[in-house]
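For reference, chains read A, B and C in written order, and residue numbers begin at 1 within each chain.
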Amino acid sequence: MKEVVRKGCTVFSDHGPAFGWDGGLLRKGGRVIKETQLTGEYGAVLEKEQRSFMTGNEVVAWAALAAEADFMYGYPITPQNEIMHYWSRLAPHFGRGFLQTEDEMAAGFAMLGGALVGKKTFCATAGPGNILMQEPIAMAEMMQIPGVWIIQQRGGPSTATVIYSQQELRLTTAGGNGEGLRIVYSTASHQELFEYTIKAFNRAWQYRFPTFVLGDGYQAKLREAVTLFRPAAKGWTLIPAEPLVRGPGIPALDREPVHLRNTFNIEEELYARLEEQLAAYERLTPEVVEWEVEVGPETEVLLVAHGIVARAAKQAQKMLNQQGQKVGYFRPITVRPFPGTALRQAVGANPNLRLLVVESAYGQLLSMVKAELYGLTNPIDTLLKPGVGVTAEEIVATVTKRAPKEVCHGG
Amino acid sequence: MADEKSTVVREPTKNPNMPLSWRKETKPHRFCPGCGHAMALKALGEVVDELGILDRVLYGCDIGCSLLSWDFFNFDSVQTHHGRTIPVVVGAKRARPETIGIAYMGDGGGYAIGAQHLVNAAQRGDQITAILANNTLYAMTGGQLAPTTLPGQKTGTTPYGREVRKTGSPLQGPELVAAIAPAGAYVARGTVGEYQQLKGYLKKALRNQMEGRGFSFVEVLSTCPTNWRTNAKDTWAFLQGEMARYFKVGELRVPEPAAPGEEE
Amino acid sequence: MGRVLEAYVGEYASGKSENAINRGRQLARKGRRVRLVDLDLVEPFYTLRPLKRRLAREGLEVLAWETNELVGLGEAAIPIKKEMTTALAFAGDVIIDLGYGVDGRKLLNLVAGSFATDNAGARLRLLMVVNTTRPLTSSVPLIVAYIQEFGAVDGLINNTHLGAETTVELIQEGAVLVTEAARRVGLPVVATAALRPYARQIGPYDRMGNPVRPLDRYMCDAFW
């Protein structure tokens, strides 16, 4: 079986046509676009669809522009700073906004304010900033206020380092004081950073659960070629943002006032609300999950990795198969919701299949994999390097040695 | 005219004492008897009516007793986490500048857990109106020390009275904001003990935002008989006596030139 | 030939460091004394630091931090090393790798004598490295606007490439854009820089008649 399950962006909305590149902005907010020649030149970058040589952070800024994000609220933290730098360079030319706030909590809550009044808002953070950001994300989760968060993971815990790390997987997928009702895409290339950032905006405003693009310092700073484009040119329909408060009409005269809260009195009231949300999340899961898998009946070792490490894993798989080893590959693209059914299918048919879970963290992906494979007895080997990069050669060496470290329990 | 965009004309109501902005369905209000919030909110509702901005208001409150105002009004509202009212309202205002953003909070929310938001919104000159009720303690959580607790005042966490040497002196919020806000700021301290004066301050604070001048901040000296454990007479005496002596009522920043129609 | 004093400037990720290193090595191979200065204060990821010892073995004096001299290396920005402020006070050639940033050439205010002429009449020349596959320098008007925003420079270097996807044609198309932009602002194109295999195919001059500078890759080993 070799399949890549990615969900298209074309089917999301019947809310009418997408906003146009220039005129749409004027229609949307009545804002005056600075009609300089540069604006046209910047716009043309997306129109031309040329290959561009960029860093990952720049890609995200362009993707937010292409997704017609209205406003970024940001607070500096390495390694995501250039997202703010490039957004604040580009945004004025397109009538978009930027505010540097006093901290990540303010950035997150300001995002929610902007989304409440009907604008597409986003921010980017990392590490300790991601921790602070969990507070507004929890409110977004409870009140189903849409928003897009770009997480460029850094090493942890605490301040630590800024490049190689997948240690924010657990925080990003399950942070906050609730059930982690979020959508999280883990990207592995600049092209994916561009496309999944656009997709994240659509998912966020379609399902109204907090939506994340989980990158890392390496992707943020890596330079590689990418093709930027306008979503409409690919037939992707952008879902427009709708105001949750301050919609049309005069409250009390034309309509009821909108009063939103996240506080409840009794457990049953909260439980009823959560049941609804959990059911909604269960419904969206099959629509949203994405993965890549290459496995066959003869496969002996299945490499499991996400994000940038999956790129090394794929390379390792190729190298090992060239050596005559029978190695497969599984990569969750959505790490929340996790493509558990697909993983179980890939593993379950073959009780002799060994897994090798590889990550730049100490078992954060591993615990997700184990939870999904509960009851199966396939051995699980690991290559866990918290806060350190993983090369294809290391994966090859680990497979070649085949030293079992972890075994899946249950049965 | 500053409020020429205003679209809401106050309709004659059956009860002339109830502003259109007040939501009848949620009255009587759920604050404790003698609570200052009700007075401050009544004044705010009347001012919103007089300015005719009901349809443009986004009202934010947090958790703390101000939570109980979440459905107090007929304008749109959002309740956020403790101390985070200002960033939510700032975010909305920045994204849609025609919004009249009102951030309502207590002294814990504004001066402790959310102090960074007050300080930075003030120094950025964010065009919102922040209203902070100062009752010298954390009321909803059962009467603990707040930045505004008076020296010697007993609270749940200063059972022997606030010792300045250990926990500092009461924070002077409007003085702080007045010192850091750029030109165009309106800063005042009112009291529920002087209703008409308070209304005037709130009106100027909202006008200041409508005219796009800058940050507007009104601290309201408020009452908490429940946590003060005071009867009506002692409540009034504490408000008008000890509190008013420490926290001076008046205007600290009035942008020049004064807008017409502000001489109430 | 007097002292060669050059600062490589330009848009983020345009190839400043690679060009600075190669220029330094080219001069060193001629037996000249060369000092290479890492003045990238805002992009601590691709810096000369990891290459310092290797370049020193090749005869260059490198002014850059050592890993063990700092804590929190990845946090932008890197502090300026005090020797860098007097980097130009050196008897030989000085090549400066200048980081990107909205301050443009103002960063050179941190280096004493950046805008002065020495006794022999030599002065620091600012060479702007342009990769036309970078979105913000991807057309003639954008390159012109970038130069105008940056401030006065002495010449342009066409460094158009797409990493592993580079072709000779792509480099030549970049040369056309860079040369036209240079013409509009009245600057020379100092060179088209290209990795050695491409340079060999292009020959000594590119399509627009600019000299071709062959590059060896160093920065791929510099990423952290």
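By definition in this document, contacts are C-beta pairs under 8 Å (C-beta built on N, C-alpha and C of every residue); 3 or more make two chains touch, one makes a residue touch a chain.
Remember, predicted model here, so these are calculated numbers, not experimental data.
Across the two candidate interfaces, A-C and A-B, the one carrying more C-beta contacts is A-B.
With chains reduced to the mean position of their C-alpha atoms, the one farthest from chain A is B. Central chain assignment: A. Criterion: smallest distance from chain C-alpha mean to the mean of all protein C-alpha atoms. Each chain gets one centre point, the mean of its Cα atoms, and the points for chain B and chain C are 56 Å apart. Our note on geometry: chain A versus chain C, Cα centroid distance of 35 Å, whole angstroms. Separating the centre of chain A from that of chain B, both taken as means of CA atoms, is a distance of 39 Å. Contact residues of chain C toward chain A in the complex are 12-13, 43, 45-46, 72, 74-76, 131, 133-136, 138-139, 141-142, 145, 161-165, 223-224. By the touch criterion stated above, chain A contacts chain B in their complex at residues 29, 70-71, 73, 97, 99, 101-103, 105-114, 116-119, 121, 135-136, 138-139, 245-246, 249-253, 257-263.
Contacts from chain A toward chain C in the complex involve residues 37-38, 41-42, 44-45, 48, 50-55, 58, 62, 78-79, 81-82, 89, 154, 159, 161-164, 217, 221-225, 228. Considering their complex, residues 7-8, 20-21, 23, 54-56, 58, 60, 63, 67, 70-71, 73-81, 84, 86-96, 99, 116-117, 119-120 of chain B touch chain A.
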